[in-house]
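Sharing a structure below in structure tokens format, with a few things to ask.
Read from first to last, the chains carry the letters A, B, C and D; within each, the first residue is number 1.
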Amino acid sequence: MTANKAYAIIAGVGAGTGASVARKFAQTYPVALLARNPANYTSLVSEINDSGGKAIGIPADVTSGEGLRKAVEEVKKEFPEGDLAAAVYNVGGAFIRKPFLEMGEVEFRAGYEANGIGAFHFSQSMLPLLLESTHLKHPATLIFTGATASLRGSAQSSSFATGKFALRALAQSLAREFGPKRVHVAHLIVDGGIDGLRVREFSGIKGEDVGDRFISPEGVSYTLLLYDPTFLVDEWLTHVMGQIADAYWHLHTQPASAFTFELDIRPYAERW
Amino acid sequence: MTANKAYAIIAGVGAGTGASVARKFAQTYPVALLARNPANYTSLVSEINDSGGKAIGIPADVTSGEGLRKAVEEVKKEFPEGDLAAAVYNVGGAFIRKPFLEMGEVEFRAGYEANGIGAFHFSQSMLPLLLESTHLKHPATLIFTGATASLRGSAQSSSFATGKFALRALAQSLAREFGPKRVHVAHLIVDGGIDGLRVREFSGIKGEDVGDRFISPEGVSYTLLLYDPTFLVDEWLTHVMGQIADAYWHLHTQPASAFTFELDIRPYAERW
Amino acid sequence: MTANKAYAIIAGVGAGTGASVARKFAQTYPVALLARNPANYTSLVSEINDSGGKAIGIPADVTSGEGLRKAVEEVKKEFPEGDLAAAVYNVGGAFIRKPFLEMGEVEFRAGYEANGIGAFHFSQSMLPLLLESTHLKHPATLIFTGATASLRGSAQSSSFATGKFALRALAQSLAREFGPKRVHVAHLIVDGGIDGLRVREFSGIKGEDVGDRFISPEGVSYTLLLYDPTFLVDEWLTHVMGQIADAYWHLHTQPASAFTFELDIRPYAERW
Amino acid sequence: MTANKAYAIIAGVGAGTGASVARKFAQTYPVALLARNPANYTSLVSEINDSGGKAIGIPADVTSGEGLRKAVEEVKKEFPEGDLAAAVYNVGGAFIRKPFLEMGEVEFRAGYEANGIGAFHFSQSMLPLLLESTHLKHPATLIFTGATASLRGSAQSSSFATGKFALRALAQSLAREFGPKRVHVAHLIVDGGIDGLRVREFSGIKGEDVGDRFISPEGVSYTLLLYDPTFLVDEWLTHVMGQIADAYWHLHTQPASAFTFELDIRPYAERW
């Protein structure tokens, strides 16, 4: 076993969950970080490399098969003899909330392009690598990030919900096809306003609207954080995100006799 | 109240459920039948018109917004003062079953294009008409046809399942937005091999594979029917399909105080 | 076929859904109404008999096997050559909402006794009769009434939710065992504050708390009704409940080739 | 923080999951093991104490409130200044499979008594202790063990399914009430024939019936193990069960900002 040659690929590394998952997996594996916009991974790549890990960033449009093929070639050049241990698809896509009759086709499609087609191309690129990975300590793993909208189509949210429902269907289908081949396919539902940046960007939630819903584990009111956006990406949020990332890592380390397909995760004070 | 001016639109009228729904609604309303291929509705239009009802056929690609806009113009020309009472989206799309890694992007997208984008355009065209319908006996109704794959992503079925999951997400989202505006949005899950033609075409099921699963309500073995494809579209299948269509009609006739969003339907002998 | 000898049994006929279901089925069948307290059915029995139907009331504790056996004997005496066409179990049980640590065992058990054990005894008494019913126009039917709590265990509602979850498990299990024997087992989820009396009694909702949630189909504000409890059992509520009862009747009339197991039902303005 | 005074309680420690959970938690905490029959924990208590951990066994009928009160008194005597860190309810109850009309009330009730009432008493005894636990490294945790039957009522399995559905309703209700109080309530669905002993005992599955479904992670055929019952409780099964127990431990160690309510777990080759 040459587990030290194993590596991981994370697609979708903005300021939230994806970056934390990358940090977590980088504690064990070299990681390749994929994002359309290099600005999303540059500082993270430096951070990981500076702290003794190994990370490379690859600009890739995961919603295009061609984009992913090129990214995989790059990855293989970097890790020519490595085994892909884990691939995480964390591309949320924009959360669009608007009256249905005001929504254009491009907006409606956006949810599916990010969560359906993106996940399709990612899976088609990753699964052959995961199936070939035979020198791993933990079963090869493919994890998708879901949301509350994976289970519920809310009013005025059809773009995001159709994408997240489609992603869950794909994940189930892949788990049933590739589980018996010992590839661990899992779907992790991140519920509630865990990812502070998303909450601000996509839901249009203002600090003053939030009420008592966002209470930090340390008792610091999340409301205050939302008032001060510069505070959001700081150490505290990184800490909380890191705790979510532990669930991704736990999924990856499950042995073949004990695969979890789906779990939900939310802050203790979240209503659901 | 001038309910006699109300009409219904059915999209997707092949030999199965859609045609039966059209026959059922044509007992009360003039119906406009939409299908990409006129061959799918020509004889049905004649049948309805010959038996005292009124039906028109409109060739339309429901996966294109432009196609639906033209179809709606045609419909409005035919029923200039009518109120749209009910719109049924019954476009199943091809059931593709193959190993995931052998599936191309076009095949994968097919499920979403038929069930996601098609339903999006249909909803955007129908909802303004349904919202304007104020002289109806029953609340204006928008019904989508789901399948077992609406709830479960099976191995090698990701194309169909992602499409049907997405359709269900859209239906939920629309029900929550337009229910309070008194438009009844519903999702009907047709489980099992109810639709004989689909079974044959899409699942590759041979008569001899079917075993005892398809037993007609009259005790005639479905297996025999599947051996003889010419028998499939005959009176018996029409009769069975008509019984499913009753559930669509029941949904349409529910008053605003008693809306059902979702129901499943299957033959008594179906395993689930 | 001697469908005129068919009869129906309704267990749980208070002022809400159960009574309306009884009225609906009494339009076609003689009905036997079961309730622990005769006060719950006396006026309903008179109403049905006075309006040209036939109804008998039988006092029965459905949570006891012995109680149901006696009730069945009575029913058989009344309808010696009849076939049981439909049996409806509509015993909600008390909705208890209190902090879990203040709940006693008797209170906790109450949900299961009403919805689990009651439904067990009812099913054991009804199924042999339903299996024997061979001269029916519609397949013999066993319907259970569920609630929002059938799908969701809310805070402080564990007694009611455990009972309703258990009832749904039983209904599923019976549908899978007896469906292939042509007995139609179904589960109808009545969501929201449809049943005005229950809302008042069990949720402690005051008229002034209700806001805009309870709007009658005719535009009469439900809030006003709740202010005036004597108004609640009047013609209007009977009318609304009758619309729900139509769904029970539709389930009963489904042919064996098109059985619905589960459907939800709620007023158009209900949030869900 | 005096985490060394923290302890755990495990109810239901037969030869399968419960024993492995006990072993896992005993690596960090002293553990109190509850079982009706001391024979179920005696050797496990010795094993843990012999290997450097600390375990006590307490005979307790968890389906009785009185039984649990006594057990809690014993526990408090043993750990007078300790904080309860985690409580696991792993009492499956007998899996009864028989035609519904042959099932007696006592058999039907058995599922609820074990999973509903037992879990009620356990929760009422544990939650006050968990709420008082303020010197813990990880949030105080209450975990319930579910099964495939938690989500599906199969034919002839109504006793077990009603119990497991009820348990899930209780777990949801408690998670929603006590999550905001920082007690982590979780529900872990152990799917498939993971627990070899149960498979043999409750499903009546013979080795030769099992086919290819039970393949050990090491490639050893599970079929062979089932032929030789003495082999079942050996090192291999303990190893596999230990891998499931890791998921319980992971749930316990989740911080308050990242609580999972529900996860499923199954062997890679299990069909679902």
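The rule is short, and it goes like this: a residue touches a chain if its C-beta (ideal position, glycine included) is under 8 Å from a C-beta of that chain, and two chains touch if they have at least 3 such contacts.
On a predicted model such as this, the values are computed, not experimentally measured, just so you know.
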{"item": "Identity of the chain that, by mean CA position, is farthest from chain A", "value": "C"}
{"item": "Averaged-CA centre spacing for the pair chain C and chain B, given as whole angstrom", "value": "31"}
{"item": "Between chain A and chain C, centroid-to-centroid distance (C-alpha), Å", "value": "46"}
{"item": "Mean-CA-position distance for chain B and chain A (Å)", "value": "36"}
{"item": "Multi-chain contact residues (two or more partners), chain D", "value": "176"}
{"item": "Overall pattern in which the protein chains touch one another (line/ring/star/complete/other)", "value": "ring"}
{"item": "Chains that touch, pairwise", "value": "A-B, A-D, B-C, C-D"}
{"item": "Sites on chain D touched by chain A in the complex", "value": "139, 176, 179-180, 182, 184, 194, 216-217, 240, 243-244, 246-247, 250, 253-272"}
{"item": "Residues of chain B defined as touching chain A within the complex", "value": "65, 99-101, 103, 105, 108-109, 112, 116-117, 120-121, 123-124, 127-128, 149, 152-158, 161-174, 176-178"}
